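Below, subunit A partners subunit B and then partners subunit C, in two separate complexes.
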Partner chain A sequence: MKVKLLCRNPDEYIRETKKDIHKVPRNYDPALHPFEAAREYTKALNASKLDRVFAKPFLGSLNGHRDGIHCMSSHPSSLSTILSGACDGEIRQWDLAKRTCTRTINAHEGFVRGLTVTPSAESFYSCGDDKIIKQWRMTPENPSEKEEPTHTIIGKTIYEGISHHWRDNVFATCGQQVDIWNVDRAEPVRTFTWGVDSISHIKYNHIETHLLAATASDRSIMLYDMRGSNPLRKVILKLRSNAIAWNPMEAFIFTVANEDYNLYTFDMRNLKEPLNLHMDHVSAVLDVDYSPTGKEFVSGSYDKSIRIFPIEKGRSREVYHAKRMQRVSCVKWSRDNKYILSGSDETNIRIWKANASEKLGVLKPRERAAFNEVTKLKEKFVHHPKVRRIIKHRHVPGMIYSAKKEHAIIKESRKRKEHNRRVHSKPGAVPFVAEKKKHVVAELE
Partner chain B sequence: MDETEDIFTSGGYENDSGDEDVGDDFTHNKLIDSIISLDGKRKSNRKARSETTKNIGEASLSTSSDADKIRLHQLMGALQNTTGHGMLKKQLMELKRRNKTLDTPLSKPEQGRIERRVVYEKTSKDLTLWDPIVKENRNAPQLSFPLERPNLNLQTTDQVVRSFKPRTPLEVEVAAMLRNNPHKVDKRTQLTRAEMESMKAMSLEEARERRAELQKYRALLSYQESKAKRQKKIKSKKFHRILRKEKAKQLKKEMTDLEKKDPEAYAEAVKLAEKRRVEERMSLKHRGGSKFMKNQLIHAKYDKDARNSVQEMLQHSRELTKKDHVSESESENEAEGQNEAGVTMATDDTAPSGGGSHNPWLAHSAPSQHKPYAKLEEIRNEASSDDDEDSSDENDEQNQENNGTGEDNMNDQASDNEDEETDDEIEKAFDILENKKKISKQKTNKKGKDVKIENSEEESPEESEGEDEEMITQTMKRKRTLADFNEDSNDEEVPEKVLKVRSRKKAKPRHKKKKKEKQNRENQNQEAEVRVDPKNSMTLETKINQSAIPKILDGEDQDEDDQRMTISEAFADDDVIDDFTAEKQEAEERDKPKDINLTLPGWGDWGGAGIQPSKKKTKRFLIKAPPLPPRKDKHLENVIISEAKDNSIAKHQVSKLPFPYTNVLQFESDVKAPIGKLWNPEGAFKEITKPKIVTKIGTIIDPIDKEVTFKKNKINSKTGPKQDNDTKSKKGHGKTFGGGKGQKRGNQKNKK
Partner chain C sequence: MTSLEPKPAKKKQRKRDLKFPEDQSTKKETFTLDVDKIIRTKNFSRGPDIKKNYTFSGEKGHRKKDKGVKNVLPNKSSQTQILKGKGLKNQTGRLQGTQQKHGKPIKSRFQDRKTDPYPGDAPIPIQRLQKYKRGEDKYLGDMKNQFETKKLKFREKKISDAVKQAARTETLLNEQPGFLEVGADEDITTITQHDISNAVDITSAQKYFELKLKQFGPYRANYSRNGRYLLMAGNLGHVAAMDWQTKKLMCEFNAMEAVTDAKWLHIETMLAVSQKQWTYIYDNQGLELHCLKVMDSVLKLEFLPYHFLLVGANARGYLSWLDVSIGQKVAGFQTSMGRLDVMCQNPANAIIHLGHTGGTVTLWSPNIKEPLVKMLCHGGAVRAVDVDHTGTYMATSGVDRKLKIWDLRMYKSVHEYRIGGGAGQLSFSQRGLLAAGIGSVVEVYQDPCRNVVESPYLRHQCPRTVASTQFCPYEDVLGVGHGGGFSSLLIPGAGEPNFDALEANPFQSKKQRRNAEVQMLLQKIQPDMITVDTSALGKVDVKTYAEKIEERNKLLFLKPETIEFEPRHKKKGRSKTGHHENRKQGYKEEMKREFIKDRVQEKLDEATRKREEKKNRDTEQGKPKGGALSSKGWQGLVEMSIGMWHLEAMEHVKRLYGMFRGYVACLKAVWHVHRLCGMS
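Then we have the complex of A and B:
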């Protein structure tokens, strides 16, 4: 008699090593796994709730400055090093990992207006209200002695900002005019002027490294090409722009932080209207910085909050605030895309996570797969009211909350007025104007 | 002409505005007047200024009046009568014809504007270069940062050596030693320094001798190698068998030699062999345990080679487990033809060694082998004889023998392997013994009592132990191999056997003692008792069952009635149907829209307790509810269909079509498509859930690099020969920031 047996190939169910996972044969017959949409919806809802539960963005603060922080600069090759300049002329170097101050320099009389590190990371420049540009070594030669700058340039006017070229040994300062400096010379290599008395902020383009953008006190944004003798173009907005940031992945995109509580993203080839305007702040925006991936940017505002905007969205995805944090004067996105640093008036630098609920540290593959799945689920169900409500909800300080309400009322009333005008005037007399087009006053050639 | 005019006018202007040398001015003006008046046509109307004043009128400063200008023809007029006049005139005409003036320069702001526009347009145009890359990055399903990966290729030893520099003191010391070592191998020269020296030291004769010697050895080695290769290729089995046997013989000889020469080494070798034997006995490697063997066993049915290989394996195992070192005479004395080949019985394994070894248990048991084991002994002998036969490949014969006897049912599926057979037979022998014991037990206790099937009510609990029963049937089968049951096996049917077992099983627990002397007689008795018609037994059983069932089974009608009765009894108190109708009515009432009565008692009327509002007023202020469409369950008596819409789910649903979607179906299908692991295979799941941006922990993300990006693109589109560096960079890895720049520059130079 022959006995027939059911047999299985051991390769299919035996693990190769002890640490291997158990192979579980799966049956993908949809009849066996019903209610997929409902189950995934529940999962997404729970995930979004947990996301809020685990949202603890504040990591710590660096204190040591004795006056409000005015500018910061990150190190091009070391993630844990940053520099900060304060309103009392002091520059400090910080170790982020240890959260300690590693170095203090009494650099200037009055404000430290700008800080910039050379691409080789051997030295950095600072400029201040004392009309002096100073070059400092990144690592001091003699830590015990009082530090002296390696190079000093005494100018005729106050320098309000400084920015270093991304490759070459060239840097630019702004103030009454824009100067391009070569390291080896005491006089500027080139000077740009275009009918304004004060240029407050200047930035080199990361990709097309000869391009510069600056914001001026006459409400204008100006573009320069370092190679030519003339500026390129000027665009005037309704209010003054405080800061500017180039997108590190897209050569022609930049974003400005404006006094009118908004941020504007421009394509430098078309300055007639911004590509996008980002609103959510309830007070003047003081600084902006792009994430190194070029997909998001962070802005610090006079309303004591930091917001994170995706470049293609008009509204922020995240708002950070702390009880004792005052006006945020400068923000920086760390170069590994993980952290955000903010310097504020109450002398502290704060470290935040770029993704509030993200788990820091190494993720195991299964953990990562699970995170990816819930992220995707949240994305999928974001339009569902319950999920959206949880994802969007943020607790904000009373000041921001009430200001926001007030602004909504103002906006509503303006809208109503416009509507009324339109209704009570000849058809076509009051045209519809897109919100984007309302903010640019003129583009000057 | 104009030029000359200009020259003159400017001179005039200077003189007009000049005020330090008035006398000179005056004479000059006079001169001009006289020149102009030469042709006598016009009179000068110039103002003469004799004195400088601080307040100069604006009008007098103007120089633009045409009247002040001196034309060329005015000058030429004076020369009309001179000889070179015609010539001069010609020259001047020529000059006038050829001359072209520049446009007036633009004003500075205007000039700047144009320049800026041009530069801006140029820059904008240059930036369009980035459009495809930006677009690609924006639409990429996944971007992994940093975009440029560092070179992760393993360095070759050569590369490491090239870049190695001794740093630590130890390394420096070692490097210094190596540098001066004469044995250091250098790639450029074939021989090391030491070798060269030794070469020099050796005489020519010596060197020749040595060379010849080396040559000889090399030749021998190659001969040996080629021989081994040739032999290895020979497919003849016979050849290999002979070779193997020769080897074995050689080994044996060596061993005997060793025994004489070096007893210690011999003892060790013996120990090793013993260990190998033990290991072989422990493992099933050559007895069906290995994967290869298993496969071969499967194929053995169809494949002769496989069968042979199985045989070979078994043979090998037998050889390995053979005990060489027990003297043959001893083993022969112990039991004739005792063989250890694959016999798994514990007693069997230990028995042979028991004679020679110091195992007290075996020493004791050997003499006291009592009668029942005689049978086992016989079978063992049989097996051993079989074994001997097997060596001459006579399996088939044996099978025939087995079948011919017709002893065993199991022999129908007899395997080729005689090992198993021997095992079986030994088992059988044991079974027989056990069986005998059992039977004897049973019989003694029954003491002639009839084993009646009617007792099956008592039996039934025992019968329920199905597994036991089966096992017992099996043992029964085996017992039948004994000659005693030969006739029975032919006549009886299977159920009968079963019955037999049952009866025995029932009897077993009751009686513990046995009496050997009665054994044979009772055996016969049992046979007599057990012979019952199986069909009868079956009917009997059913009868009993029927008797056990309660009387409900009398008739079908009666049964139904009874059921109805019991149900009605059970639900005597509940008026279910009425309750349901009431409930339905209630639901209908509830769902009906209500009239709204807006009458206010006392409004426009007398008010107070107990006063009813007038009918007219009630009628007037009553808002009647609109009639509803007929209920869905109107004609369904036994059903309530709720008309109320369930809104609990609405708060979870999307009310408006979200932005990127253009129709509802699209959105719905997107939501319906599951992304979880439960519904998607692992690969698809990974693909669906992969994040848009991947960053590496603790890695700096540099801005996108223009040179690297465009070089990559260019290389991708370019065909033809490439530099090594370029091919590397094409893969997207293996290049640093600085390196990329350098390469770029190199390329440009090449182009130039």
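Then we have the complex of A and C:
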């Protein structure tokens, strides 16, 4: 007779010393793991609940300005440094890690309209309502003295925006016309005009660095090539665009923030219709900025909220608001993809997490594995009604809530009207037009 | 039907039929020899195919690669020799890396051979892959969208990789299942527990013991989920909990009341005991924690560990579920099936199986008042029920002295055995052994579900009638509670050799137990998710036929125009509100009837027009009249269209007359439809 009985040696299953971690032998036989689906579902449900519990995106605010913030600019190499310009002509430099103001400059009379840092990060430019462009050192030579700009350009018209080239010592300003400036010269090296309206916002492309995009008050978005003498293209939307942001990963894609509460993502190569239409704001969108991954962007609106949109989605994934936050005039996504900064009318700059429920700081490997697991599970069960309800729910201020309801009613009635018109007119007289196409008026070359 | 009663005449033959548990070594052999069944990964092939494979598939590429390597290491002649080998596609990269690291070439295993005889990943036996697979592979052939196809293909690949990975981890399992082999001259049934305990090592031998407790029996025994702790409850009130391996007593007390059943809860610090009147929860010190008055005169207890549900079957036919994590009753139904003293749970889907005196077995979930399934299993009363731990097979025994094995996927009997006195107790082990308590004898059968067993694997004579049997999880031990106490028997090959520490850990420390409890509570499955098919939650929610039909009907439904009508004002009290309203409604209905009539007429006209057209076309083409369809056929078509319309019209009328609840109105409506159809 040959017999073998199960007999486990405890040494193989119990840790040797108390300083070791516990031994966890695994057996992946499905028979030992019953109720797989139900347990995974429960996990996903709990994770989505916890996600909402830990969603505390507001990290802090930077206060010091004495008037509403009008523009912001981040530092190309230092994550903790940002610059902000206010409506009273004051520029402040901030240390984000310490949340303190490190420097104050009384730069302009009236608004500071634009701020831009040179790629080498040695200096930055500002322009304002006083028709002056000023260049400032990033680190002041003598902090105790009153600061003077290193370089001043006095122009003939108001400059409404400024953007620096991503590589060369060239920058562009906009106002009544678009000017390209060389650092060494007092006059613009090139000037673009198209129509008579004023141009409110201008941005250089990150990748195709000689490309520029600008938004004008005649409801148009214009594209320029710095090397040519004429503007490239112009697309006119139904309402005016307030700001523009290039996708940092895809050279030909940009997003504009529009007065009609929407954002439009365009492919530069085909401006006839936007790639995507992003709806959720209930008031004019004032600023937009891309995340460094190029997958998402953040927008600040006149409805006192900030929203985060994935570029391929029409609806926002996140909305941030604070009790005391007023109209958001500028937003920035930090270059480590972790934080969002917003400047608003009530003189504060707010720091938010880009992922509301993300745990900050270093994660242990097991912690990270656990996070990865539940993230995947949430993805897997996102279409189950209970999970979806929790994941989608956001509390918004009453103003936004009621406005949203109202807009839904308006939209519904428009739809109904269109349908009725279609039913009661000759077949084909009221054609179906895609929502995307409705907002583009014309494309000019 | 096969008999299990020992028949001396057939003894010799039986010996030949005896099946031994598979030795691991023999298993391995079958795997390696079965080349056809082996999945080939990457360039895997065997024997003479190897060379062919390489010369065809990638010779050019190899040479190029080889050159590159040569440039890196120009002087190592021995190495270049190796690298010239044709089959080093997978090796070159690796070798290169190691050389750069150490600065000088490492002597390769394959130096004296031309090719690696086992290139690529090690093959995985197909049976083993099957074990880890969930569902069938998706067919992704005819999808329209390429983007989605790619995405799905990527997902499918991930899934299959995960299956492979899981299957590969089996090589890391360090325990082998137990077995018992006898020589040709021995009879396996004559082997006693003494023989086994003498043959095994001392630690295993200690697992065979008898507790002689003659005063308070018969005893019911229950092992904790990790198999470490034993709970015994004597019918006359004696309750004892112990760590049975170290024989350390945790608590012992007398409930001073008849005890019918006792079960461990989710951890070994809490136990539920059903007593004559109420059910109680004690801690492992014997302290009474709760008295559950919602569960009275319970005869059998079950605990569903993933749902934290304590299930009690009552002497008056009442079945109740209690959530022990919140202490609330989840559900309770009067089964109206009489005394419920036969109960078991299906460990795979948490459904409760009850055996009844009429010979039926009923399946219950806490969500539905009626039994999910009612099966007639035996001619007489059902004495014992148990379900194996994969939830596929159910074993029942009745007073008709039969033991039946049922396939729960089909609810059909697969095997039927006749046992001497009939089994009063049944229990499956983790590896599919079945123990049956027959009077005072315990018999164990090896895999009675998939094979036909001819004789018991082991048998043991207890001092008195067996009252409960349970295999200890993760051990080769069978616990038998009987009138004279408790016996712990050695059954080689009963328990799962490799436990998963995140499910049940016999070597759990206190801290681990606490962590595990929190995890279990976090992952508690809600009772409303108890279903027969546990995978339903992970499946796509496809619309049922009824839902589809309803949706289609909605589309088909014609919306009649709104009828604005204000009756003329009449004098002399004839325009009272009631009269006014009656006239208004009457007019509206008249209009609606007209509307329906018009639609019917329209449809019919259309049909006639089409018919005419077809006729004309046929005659133009020179076909004989009625060539395609005879006049009868046309009539049939028209009738069909009327029939369809009839259905639609019925829907209409239902809605129109919905406001009148009266039967007469309904009749009228139906009559109206018939009239309409008759008219046309």
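A few notes on this one:
Rule of thumb we're sticking to: the second predicted complex is superposed on the first by the 420 of 445 C-alpha atoms of A that agree within 3 Å, B and C clash if a C-alpha of one lies under 4 Å from a C-alpha of the other, contacts with A are read in each partner's own complex, and residues count from 1 in each chain.
Everything below uses one rule, namely that contacts are C-beta pairs under 8 Å (C-beta built on N, C-alpha and C of every residue); 3 or more make two chains touch, one makes a residue touch a chain.
Since the structure is predicted, the reported quantities are computational estimates derived from the model, not experimental observations.
Residue contacts after overlaying the shared chain place A:58 against neither subunit B nor subunit C. When both complexes are overlaid on chain A, the residue A:337 reaches subunit B alone and has no touch with subunit C.
By the touch criterion stated above, A:28 is placed in contact with subunit B and with subunit C alike. Contacts of A:233 after superposition: subunit B is touched, whereas subunit C is not reached.
By the document's definition of touching, of the two partners only subunit B reaches A:252; subunit C does not. Touched residues of subunit A were counted for both subunit B and subunit C, and B has more of them. By the touch criterion stated above, A:79 is placed in contact with subunit B alone, subunit C being left untouched. In the superposition on chain A, contact of A:6 is made with subunit C only, not with subunit B. In the superposed model, A:41 makes contact with both subunit B and subunit C.
In the superposition on chain A, subunit A positions 1-2, 26, 28, 30, 33, 36-37, 39-41, 43 are in contact with subunit B in one complex as well as with subunit C in the other.
Per the touch definition, subunit A reaches subunit C in the complex via residues 1-8, 10, 12-14, 22-43, 46.
Across the complex, subunit A is touched by residues 112-113, 115-117, 119-120, 123-124, 126-128, 130, 134, 137, 143, 145, 412-413, 651-655, 658, 667, 670-672, 674-681, 685-686, 688-691, 693, 695-706 of subunit B. The residues of subunit C lying in touch with subunit A in their complex are 131-132, 134, 166, 169, 173-183, 186, 191, 195-196, 199-201, 203-204, 207, 306, 347-350, 389-391, 474-476, 490, 492, 495-503, 505-507, 509, 512, 522-526, 529, 534-538. In the complex of the two chains, the subunit A residues touching subunit B come out as 1-2, 26, 28, 30, 33, 36-37, 39-41, 43, 76-77, 79, 166, 206-209, 211, 223, 225, 228, 230-233, 248-253, 268-269, 292-295, 335-338, 361-362, 369, 372-373, 375-377, 380-381, 383-386, 445.
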